[in-house]
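After this come two complexes, each holding chain A, first together with chain B and then together with chain C.
Here is the complex of A and B:
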């Protein structure tokens, strides 16, 4: 088992009011290598918090996490920061919702794609550049050399998201967490990005944890899905089952709310 | 545009003062005492018959050097403090920022007076004193900006690639502070010019017979009605300097 999350709860402490608010309750999740698992839920249901805590990105101040997140035998909630940092660069990667904010506006795209190579490997400049251009080509960018030398503001939203995927995949991680990667994009680009994630998963065997509020997208991409509401996992299982025979009322409502979409089938 | 022209004028004056002056700014000439505008003395002479034009250009140089050093000290330490407290947060932030508030609570001139009181008056003491007084405001500005940048997705994602705190600060945060720092440096420079003039006026900065704009104003005070030229020209130059930098600062602020 690659990733094993058991009874994960996340509490936020309000320093002034001296009260604790629990935002995520008892989430269980298992992933094998090469799995694609989706988490769906509305805003505020705790899906992003769950993802951030798996990625190790929640600040350690004022936030308490209970339970276990075991990745390749290491409990991420209790391990040393240095171990976590090593895992973060090499094994777990993440892409974010807003491609506009995900790239540093003052640094050329290529340098940002290379970032993790620079930190974790001893490659020289040329090797890094070669790898970065290959990674950019792998995400179907038309002119990788030109993209390598451009600044983020010169790229479109879809291109930026591809660049993000390229920089997340350059170290061939075992787990890629995608936090609503298509929300800021239009429908055609959405379908392309989802297909790209699918291809990446098939070719490199990277497991994908896909977070979305769009059940139809999750259905086209994922094998298994967790449905979250108000911090609880209300339903989980094989995607097709949940999509066609939702048991819980909330999931039924979600399924009923899917508009007919001509681009995603 | 106007700002750039005015600033350029003042900078040229200062450079001129660094290379050559028409007269020795300290040379006294009893015959030329309080003489008016003439071809030989374009701004007239002061109570000791010293050429005001020569004194003004040397004074501009002194004032600019002092202000620039003050802003440099303020920006340098302010940026370090602001970045560290903004980035790491927690109790360190709490302690440093409360100290910062304490310093900020005193008017900067009063604080500088205290420091000069301890170290004696003089040019370098003035730079040090004003520099220390300028640190807190820069620290605050930088801290606010770092807090904002720290939570942007691209910092999160480089964090996720395993970048160390040091690398994140140096490579990813500091360059992004440039625009904010630029306009606050220009505004800070203005305040430093005024503070220098004020302190020299009080006799705390540049010591006589050396000229500085504030010093000249304070010496001219006694003769302001009998011979207004002694006060008018240093005053005008201060106004031009401040106006130029303000306009320039506005432009930089608008551009970003």
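Here is the complex of A and C:
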């Protein structure tokens, strides 16, 4: 098993009130290589916190995490920072909701795409550039050389998210965590990005953990899905089953909330 | 390039506006330079004669025109009270003030950056809390007072330097730098506290931004995240503030020169104002304005280099 999450709970400590608030309760999740798993839920359901803790990005100071996150035999909740850093950007990478804010505004796109190579490999400048341009081409960006030399603000929203995907995929990680990667983009580009993630998964075998509040989007991309509400996983299983035969009331509401296409009856 | 030209043009317009303002302001305020020169006992005839000799009875527009064309040739006119060309009177004093200001700027940058970076990287540590408190106190001490304290501690008690024993940079450059160190330090101290606090605060707020999370997600160490990502972004407001500070430092040096008896532009500015020696005052104001404008230009260019989002 590549990723095995058991009884993951996340608490936030309030230093002043000296109270703990639990935000995520007992999440269980397993992923094999090449899997595509979705987590759906409204905002505040704990899906992003779950994703961030798997990526090792929750601040250790005020977040208490319990349970196990075993990635390739390593417990990410207990391992050394150095061990975790070796996995980040190398075996586990992540893309985020707002591609503009997620890129450093003062650094050229190319340098940001190849940063993981700089950290995790011994490649020289030229090799890194070559790889970065290839990565940009692989996410279907036209004229990757020009993109390499531009700044984030010079690109469109869809291009920026492609850049983020290129930077996450440049070392071919085993797991790509995508936290609402299409929420900030308009609908036509959403579909392109979802298709791109699908292609990446098929071609490189990278497993994708796809976080979204949009059940229909999850349904087009994922095989399995976890439905979260108020920090609990309320339902999980094969996407088609849950989409067509939701058992829990909350999931039924989510399915009912999907807007119908007015031109198709 | 077009950007630089545009900036240069606005610089010239600013300086022209300053010169108009300065010249006409001094034509409007009460007080006749001829009377200041002759004393209040002088007869009306001798005052009129001197007024005529100084050309002060001619129309103000004519005098302004002559003054501006003179400046373009590098001639700021004659000082009323010293009977010397203003340029000659100011040249060495100007050099001293510039040297003092540059040293203060250098000290500000050299002290503020390491301090700000240290406080940002170790925020909430005991040393950071102590430094923040000390910073707060120093920030509240005006330069002339810290100048007096420095003179007392390093000049009188420890005898690191001899107060009043200024040597000109023309005769002994290193000696001059040595003497100017403490004046420069007292000008720099409050600026150091402000710049380091600003750097710390912006770095800490930048550290919460999304791109920092991305940098961590690539496996960066905290140090690399700070120096490669956070610091660059935190520099932008700091550069803006530094630009304003530079202008402030030049103005501030005039007062601190008095405390350390440095024969810079400070003293001559004060005596010229009270003696109604307008050509000298006007020249000094124009030179200060030129400094402010040039330092703004440098900041704009730096800004431009740091932030690609600012368009040419």
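Following the convention adopted for this analysis, the second predicted complex is superposed on the first by the 260 of 265 C-alpha atoms of A that agree within 3 Å, B and C clash if a C-alpha of one lies under 4 Å from a C-alpha of the other, contacts with A are read in each partner's own complex, and residues count from 1 in each chain.
The rule is simple: contacts are C-beta pairs under 8 Å (C-beta built on N, C-alpha and C of every residue); 3 or more make two chains touch, one makes a residue touch a chain.
Bear in mind that the values here come from a model prediction, so they are computed numbers and not experimental data.
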item: Chain C versus chain B on the shared chain A, clash or fit after superposition; value: clash
item: Partner chain in contact with A:140 - chain B first, chain C second, else both or neither; value: neither
item: Touched partner set for A:85, first chain B, second chain C, both or neither; value: both
item: First, second, both or neither for A:93, with chain B first and chain C second; value: both
item: Contacts of A:105 with chain B and chain C, given as first, second, both or neither; value: both
item: Chain B versus chain C as contact partner of A:55, first or second or both or neither; value: both
item: Partner chain in contact with A:115 - chain B first, chain C second, else both or neither; value: both
item: Which of chain B and chain C A:153 touches, first, second, both or neither; value: second
item: First, second, both or neither for A:72, with chain B first and chain C second; value: neither
item: Single chain C stretch clashing with chain B - from 40-48, 58-66 or 184-192; value: 184-192
item: Residues of chain A that lie at the interface with chain B and also at the interface with chain C; value: 55, 57, 85-86, 88-90, 93-94, 96, 98, 101-107, 112, 115-116, 119-120, 164, 167-168
item: For the chain C and chain A complex, residues of the former touching the latter; value: 209-211, 213-221, 224, 228-229, 232-233, 306-309
item: Of all residues in chain A, those that touch chain C in their complex; value: 55, 57, 85-90, 93-94, 96, 98, 101-107, 112, 115-116, 119-120, 151, 153, 164, 167-168
item: Complex contacts: residues of chain A adjacent to chain B; value: 55-57, 61, 85-86, 88-90, 92-98, 101-107, 112, 115-116, 119-120, 164, 167-168, 171
item: Chain B - residues contacting chain A, complex; value: 89-90, 152-154, 156-164, 167, 171-172, 175-176, 178
